[in-house]
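Common to both upcoming complexes is chain A, partnered first by chain B, then by chain C.
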Partner chain A sequence: MNEYLKIFLSSMLIDNVVLIQFLALCPFIGMTTDVQKANGMGIATSFVMVLSTVVTYPLYNFILLPLGLEFLQTLTFILVIASLVQLVEFYLKKSAPALYSSMGVYLALITTNCAILAVTLNCISKSYSFTESIVYSLGTAGGFLLSMILMAGIRDRIRLAKIPAFVKGTPVLFIAAGLLSMAFAGFAGLIK
Partner chain B sequence: MTIILYTLAVSAGLALLLGFLLGFFKKIFFVETDETVAKVRECLPGANCGGCGYPGCDGFAQAVAKGEAPATGCTAGGRETAEKVGKVLGVSANVVETVAVLACQGSKAHAVPKGFYSGVQTCRAAKLSTNSIKMCAWACQGLGDCVAVCQFDALHMGDDSLPHVDEEKCTGCGMCIKECPQNLLVHFNKIDKGAFARCNNRNPNKPQILKGCKVGCIKCGKCEKACQVDAIHLVNGIPVVDYAKCNSCGDCVAACPTNVLYLR
Partner chain C sequence: MNKYWALFKNGIMKENPLLVLMIGLCSSLAVTTKLENGLGMGLAMTFVLFMSEVIISLLRKLIPDSIRIPIFIIVIATFVTLIELLMKAYLSELAKALGVFLPLIVVNCIIMGRVESFASKRTVGEAAVDALGMGIGYIWVLCGISIIRELLGSGIFLGMRVLSEEYTIGFFSRAPGGFFVFAIFIAVSRFFSIMAEKKAAAVNTVTALPAEGVQK
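This part shows the complex of A and B:
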């Protein structure tokens, strides 16, 4: 199988960022109240994920690695990602107000999202090349978007279902998320 | 030692660089925002209840600044907010404060259920699938759609399975009024005093009404006759009070055989 397709599929389904790695649970629970919101959040996160991979890869390989400062990766990555998102927000506000009004609210929430940091750090720890990193971040973003929309759909059903009082609200969401996660564990044998 | 210096240099350098870049770009991409929007927004309660018909308080503030919405548009904020917004815009605001009032007494004890309803637990679904889960087709379904939309904690489901309005907290935003599939909640002007009919049954058949609810309006017209100031009239089968004329004497309340009317 093609190497890139392998990375893409495994990051999207087998190592799904939310359901298998249990990262970014806050937007997963908080922003899935309706499908539209989940979609907006998912797309904004995907955008930032790819963008931050593009920026942090050269930062690590051309500045931190030659100077022997690998241990600084978490600090510098957070710094760079946060200011990058801020920059994108300024830019969108000025030049694409329509896009800003649909995505802008979510951008501020993403600045220090753990999924974003995890993607950039994983790219380094798996010693991917630049193209592989991009494919990996695209796959993770796709997986995030997928799980957000799945959860939003489930919540639509939960809203109308009769739920026992002791699990009403967030607890039942976590039960649903657990079942979803078990379903995703079935993808484990997809790629040999 | 060098590694510490490198660490310091890289992190400080990066932070400085990014800080300057951000400051620089903030100047370049500066967007002029309308000052009135921010000023109007400050006056609003910020509950984003949507009672004004705009998407949240920000949407309303923008509409006010553009001149699309009136200064009195924020029903939730009431007079105080309207005056503040009016001050920002330089216009005078004249508002009547209202509260939501339930026009039904079909509690567990009074209204007979049609059967056992175990479908989707919202009033709208119950109304759609069964027309009414009680014998009276106009009755409060008692599943709390209005309680769910209230942003001000002013509505609570009572033990009698009817929603109770906390009139201290109710701002008259009208969200529950829009939500109720039976149109049982109505705006009531806070300054008005007089009799109010707690029934919305339009059925002209008296035995049928009484079969479904012991406290339904049976269209007998005794309240009309009892009123000495001609303030109460049956309109489409329901007593409607003209609060300009009503003097809260209580004659109609005493005359009503099914206890539909009460003084407020």
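This part shows the complex of A and C:
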């Protein structure tokens, strides 16, 4: 149990996927214009992230590894993610149209979210067990959601501030991200 | 010839993928703690971009529109796997330093974006020139960021120790420093483009007035 808690906390806070590992910066900058949007993107991404870990882990260990096809992992994983996104899209369209119309736009963008591919690849390279992989992907997804919502909140404040013209827009967002990242670096001593 | 030159220059400054289009940011911040890593990542990425743009531009009339995205992904992933295996074989240290960011070139938005918006519509020559321009635009920003971060963070400039270890600022080689240096990079490039616009506007008003008078 302790081991799982350790993986969860370290992937969510200490090695935060956006602020410390620099993954998924595109939605972090592009999709945080308001809290609701950030929330939708965060939840959709988290869902696909956990689902693709559940699919790619057995795929690698029971099909690619016995056949000696490890070098195909990048290619296989990205195709799995792309088709999962498509499947989730179809499923939501049929069964939950309301949820689909609020999430639909973000779903298509998730395929090129580098955090998802990175999580699936990391589970293999860190040689986690199946349960550990799921805990790891849950933690990473939580970290992503957390940083998206934090950033969206900060952006609300930035909009009201007086900022020189050439720092306005993206540069000031990166400075805010840097400050957030410093705060998250403070978690480093949480687990020994 | 002139058209190609304009396309080439486009990627380097005017539509620089990192500073202006703001795509492909993840890898650019994560690997730029050392100049070698930044340069290696830039070259790997340019190789994949060049090959994918050329191949897709060659096949653009054969690819059915409805399944173009999966086909693009397969082409890109093939070249990424190729460069990954090559790097692991011949430059194993660099491959280790780049880590997960090497396979992550697959989902680098620069490649997908250029392939989708440019290579799938233009001729092979134009696509190749565009890929080179974008690649060089990516490389110079990456090298710029890594030189600053390496100099301040570990005191090394182009492989030589410039600052002794007690004067280095570890902040810059860690994650927050990456965000700050990149923010300053975009701000400076914005500053110059705003200045250039103002200058152009001033020149325009000066030249426009007499021209109008002559016409009347």
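The rule is short, and it goes like this: the second predicted complex is superposed on the first by the 191 of 192 C-alpha atoms of A that agree within 3 Å, B and C clash if a C-alpha of one lies under 4 Å from a C-alpha of the other, contacts with A are read in each partner's own complex, and residues count from 1 in each chain.
Just so it is clear, contacts are C-beta pairs under 8 Å (C-beta built on N, C-alpha and C of every residue); 3 or more make two chains touch, one makes a residue touch a chain.
Fair warning: this is a prediction, and the values are worked out from it, not measured in the lab.
Chain B and chain C, once both complexes are superposed via chain A, fit side by side. Between the Cα centres of chain B and chain C, as seen from that of chain A, there is an angle of 70°, stated in steps of 10.
Of the two partner chains placed by superposition, A:Met148 touches none, neither chain B nor chain C. By the document's definition of touching, of the two partners only chain C reaches A:Ile175; chain B does not. Judged by the touch definition given at the top, the superposed model places A:Ala185 against chain C, while chain B stays out of reach. In the superposed model, A:Ala118 lies in contact with chain C only, and not with chain B. Within the superposed three-chain model, A:Val167 lies in touch with chain C and out of touch with chain B [touch as defined at top].
Legend: residue contacts after superposition of the two complexes on their common chain; A:Ile7 is shown touching neither chain B nor chain C. When the shared chain is aligned, chain C comes close enough to touch A:Leu23, but chain B does not. Using the contact criterion defined above for the overlaid structures, shared-chain residue A:Leu67 touches chain B, although it does not reach chain C.
Using the contact criterion defined above for the overlaid structures, shared-chain residue A:Tyr91 touches chain B, although it does not reach chain C.
More residues of chain A are in touch with C than with the other of chain B and chain C.
Superposed on chain A, the gap between chain B and chain C at their nearest CA atoms measures out to 9 angstrom in whole units. Overlaid on A, the two complexes show chain B and chain C touching the same residues of chain A, namely 72, 75, 79.
The touching residues of chain A, when paired with chain B in their complex, are 63-64, 67-69, 72, 75-76, 79-80, 83, 86-87, 90-91, 93-95, 160, 162. Residues 19-26, 29-30, 71-75, 78-79, 82, 111-114, 117-118, 121-122, 125, 165-167, 169-175, 177-179, 181-182, 185 of chain A touch chain C in their complex. Across the complex, chain A is touched by residues 3, 6-7, 10-11, 14-15, 18-19, 21-22, 25-26, 28-31, 118, 120-122, 125 of chain B. Chain contact summary for the complex, chain C toward chain A: residues 22-23, 25-27, 29-30, 69-70, 73-74, 77-78, 80-81, 84-85, 100, 103-104, 106-109, 112, 174-180, 182-184, 186-188, 190-191, 194.
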